[in-house]
Amino acid sequence: MIALLLRDLRLAVRAGGGFGLGLAFFLIVVVLVPFGVGPDTALLSAIAPGIFWVASLLAALLSLDRIFALDFEDGSLTLLATSPLPFEGAALMKALAHWITTGLPLTVAAPALGFLLNLAPEAYVYLLLSLLLGTPALSMIGTFGAGLTVGLRRGGLLLSLLVLPLYVPTLIFGAEAVRRGADGLDPTGALMLLAGITVGGFALLPFATAAVLRINLR
Amino acid sequence: MLQVRNLSCARGGVPVLNAVSFDVAAGQALILRGPNGVGKTTLLRTLAGVQPALDGTVDFPEEQGAYASHADGIKAALSVTENLVFWAEVYGGDLPDDILEKFDLTDLRDRPGGTLSAGQKRRLGLARLGVIGRKVLFLDEPTVSLDRFSVKLFADWLRGHLAAGGIAVIATHIDLGLDAPELDLTPYRAAPDAHGGSDEAFL
Amino acid sequence: MSIWEYANPKKFMGWTGPVLTWTFILGGVSLAVGLVWGFFFTPDDFRQGSTVKIIYLHVPAALMAINAWIMMLVASLIWVVRRHHVSALAARAAAPVGMTMTLIALFTGAIWGQPMWGTYWAWDPRLTSFLILFLFYLGYIALWEAIEDPDTAADLTAVLCMVGSVFAILSRYAVLFWSQGLHQGASVMRAGAVAGDTQERVSNVFAVPLFISIAGFVLLFVALVLLRTRTEIRARRMRALEARMRRA
Amino acid sequence: MIALLLRDLRLAVRAGGGFGLGLAFFLIVVVLVPFGVGPDTALLSAIAPGIFWVASLLAALLSLDRIFALDFEDGSLTLLATSPLPFEGAALMKALAHWITTGLPLTVAAPALGFLLNLAPEAYVYLLLSLLLGTPALSMIGTFGAGLTVGLRRGGLLLSLLVLPLYVPTLIFGAEAVRRGADGLDPTGALMLLAGITVGGFALLPFATAAVLRINLR
Amino acid sequence: MLQVRNLSCARGGVPVLNAVSFDVAAGQALILRGPNGVGKTTLLRTLAGVQPALDGTVDFPEEQGAYASHADGIKAALSVTENLVFWAEVYGGDLPDDILEKFDLTDLRDRPGGTLSAGQKRRLGLARLGVIGRKVLFLDEPTVSLDRFSVKLFADWLRGHLAAGGIAVIATHIDLGLDAPELDLTPYRAAPDAHGGSDEAFL
């Protein structure tokens, strides 16, 4: 299983940028919002927690269809399915690789971008915490969605359509945690729920993902 | 020892083959023949467990099957060696020392998979079979794009594999120069009214 | 002998060696002189206090950030028209340097913004255009990195650079349309900067070290680009040798 | 050239949903933002023009990599390049097909979604107009980006990274037009500029796209 | 009439073939031979104008070339007929009435391209050549995956094409049963120190 994780990471790096690209997209969304909304700092600071979370979600989303699509097209997925590797493990590793290449860099960098949207200083630590707890769930849920849509041609949009509703709870709790942090309230509840989603997702979704993949390979 | 009994299989919900039965003893190969679209790929996929059978049984030593499809599963960004090492690790083995020579890949060992020619890619895809150490091979047109020399190379390797007690079921349109029985699938073609199609219940 | 012959990789390696050393030395010296003079031997500004001294980093970096892109554009055009490999590599070499300059301008600006405007970041047109410029650099570099074959990469990045330049100008205009800013006008570069008599005039005491510092940045930029181009040429040479060895 | 346009539209429809998917994504982003930002109506109505434009931009972005990727993988692109069809025309048709499947439905539907974000009533007509004038530019610029990155494995993210900065002027003028409309100011200037970008883009970018495609096919 | 003079070509920046020259008269075919990786695909791509030549000239009647690569460009969601009609329209022609029979696709006419077997797909890909009405064909391993009957079918069609004054340059590893001269590319392999690779300027 580690072999698969390492291969995926290596592929991501080789393909140019690997870790940087998810981050770059995140940065760009964060930069674009003020262009749309206007330069008013009070307004920006009010919507900052939400925008950061929506941006992470979109950054995760955008790289989802690559999780299985390439392996499907070149036949590796079929070969992996007939290999001794437990397919659930493979799904888990795929999610992990996705998180390491998108969620993790984004978590590390988000606080550094806080000032672009005038995020309240108190909220920085909660932004970091909520992303750390929440982005793995985004990757795992997304991997499930990617498994569902793998052989479909217009995968990209359909995938988003399927995955975004599944992302809603993560988004709500994540943004809520940061917002409460910014307002000086106690965000522990939201953070706990976020952690719950991540733990639950990682416990159950690898099995669901392996199942849908097997069906799609038939 | 591979035992296939009364196997029926479907593709895209339509029954394709009906009641195929055969045995392949250890050390033996079986060549599948038949015109395009008769169901060779479908049969191999069913044997390998990629898709479920409509009916019948497939029996071979657990955890000993391996499938090689039209697509080779080669990663363009990984080098030839890295591609092979990955599969060796997935199957929990090591890279045999002579595998690169056996498939004439020594000169290409550090080339990225994406820069290989069609035949070189195929050789790499076949080399995977030598790496994973499985006994029962299901091969779908393994020699497509190979030149004559490479076909011979592969046939030699296959003979070695069989001599060591391996089994191979091979779909192919050309002559591999193997001394193996052939099975023409044409007689097993499912009749248009065959049972078991996914929507039969609605008729 | 045509000037283009100096762009032959071998020739280029030959003449840049000594030039490189001298530009580095000259650049280093003028930068040191400019910065030391600026930091320690100029009076504090009556409005901005000692924070004004950041100008000796900020303004040269900002200027070079833009000039680096212009240089990349020219080099890309030369590559497209004349297909000189060195010019493509020079464009590639300049990008990270330009991006660093952009970052320096952004960071020094942000540090300066805190005392001046009470915030590290404001969506001011000038600052925003630099952020966009930073994104253009990022995309350009990422595209170079993502493509295996060097000639393909050179061609594609050249087209990106040209199209990007048009859009960068458009963005600059769009950003002005979108927000009126807090940022200072371009008084240094105005003709009467030194001799002028407006309120915004940068007085001589500040201007001389500033110009020395700008010269330092320019020389350093040239040196870095030459250095990186040489590295790129060596990498290509390695690649060619490896390819030849593989086939031998 | 019409044959290519019709084929692409037919493929989009066959692949399930065609016209609906871009729209659905747009809808979802518009719905997610209140989850992230919180339910404060004044706040939402202030950011509505920006969010609508950012959402259209992301919806356009998400389907970009499919413009050429499939044709590249199955070899049609090479065959098209050696066909008598002018390649510039092919690029133009691809952009048009993309607009018809994403930009157009979104333009038609956006005003109907205005109430979700409490868009000011005066702004509806300008939202419609700005999207109508601006989304074709998004498709054309995106087609150029897709041409640049076709053949690269991690195309999806790199594509966004390249295209988003190019989208900035369109976004600014588009959102500005709606915002001015909402504030009762005159948005003609912004709309004119938007139209200018679209016209300029369609005049020049097909050539750039054909050029980069030819390079990528080499 | 196809004239190739001193053609050198490169792949991935490395020179592959050096100074290839040949003529093919109208009504003639030329079979390219050579081991995997010698540069057959590269040569065909250069002839068809997909990639630029390093050196040398290719001469054939303007707007008369057509290329068929390893990949067939078949759209999975379009039916067999729709796939062919699209190409006919791109080339500004009509679908010849007998094209489906000629490639044994009549039974498959309404099947989506994605549900064809490997050989059926190939037949569809080849049928495109009959639709576009080009004279000078550059074919890269056209008979991969085809059964014997289909190979014959294709060879027959090709003979007809040649009889009508067409030209074909075909890379293949198997025997098509065509009576055509063969050109082995091995002697044209570019020497390791050949000039013109994209990085030669750096050495």
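A, B, C, D and E are the chain letters, set down in written order, and residue numbers restart from 1 in every chain.
The rule is simple: contacts are C-beta pairs under 8 Å (C-beta built on N, C-alpha and C of every residue); 3 or more make two chains touch, one makes a residue touch a chain.
Computed from a predicted structure; not experimentally measured.
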Touch-network distance, chain A to chain C, counted in steps: 1
Common touching chains of chain D and chain C: A, E
Maximum centroid distance from chain B, chain identifier (CA atoms): C
Farthest-lying chain, centroid of Cα atoms versus that of chain A: E
Centroid distance [mean C-alpha coordinates] between chain E and chain B, Å: 28
Euclidean distance of C-alpha centroids - chain B vs chain C, Å: 57
Chain B and chain D, separation of their C-alpha mean positions in angstrom: 44
Inter-chain centre distance, chain D versus chain E - centres from mean C-alpha coordinates, in Å: 37
Junction residues of chain E - those touching two or more other chains: 12, 70, 77
Chain D residues counted as touching two or more neighbouring chains: 11, 15, 73, 152-154, 158, 161, 164-165, 168, 172, 218
Touching two or more other chains - residue numbers and ranges from chain C: 132, 135, 138-139, 142, 146-148, 178
In the complex with chain A, residue positions of chain B that touch it: 48-52, 63, 65-75, 77-78, 82, 86-87, 89-92, 128, 132
Chain E-touching residues of chain C, taken from the complex the two chains share: 8-9, 85, 148-151, 233, 236-237, 239-241, 243-245, 247-248
Parts of chain D lying in touch with chain A, wherever the complex brings them together: 11-12, 15-18, 21-22, 24-25, 28-29, 32-33, 35-38, 40, 43, 46-47, 49-51, 53-54, 57-58, 61-63, 65-66, 70, 73, 152-154, 156-158, 160-161, 164-165, 167-168, 171-172, 175, 179
Chain E - residues contacting chain C, complex: 12-14, 190, 192-193, 197-203
Complex contact set, residues of chain A against chain B: 2-4, 7, 10-11, 14-15, 71, 73-85, 217-218
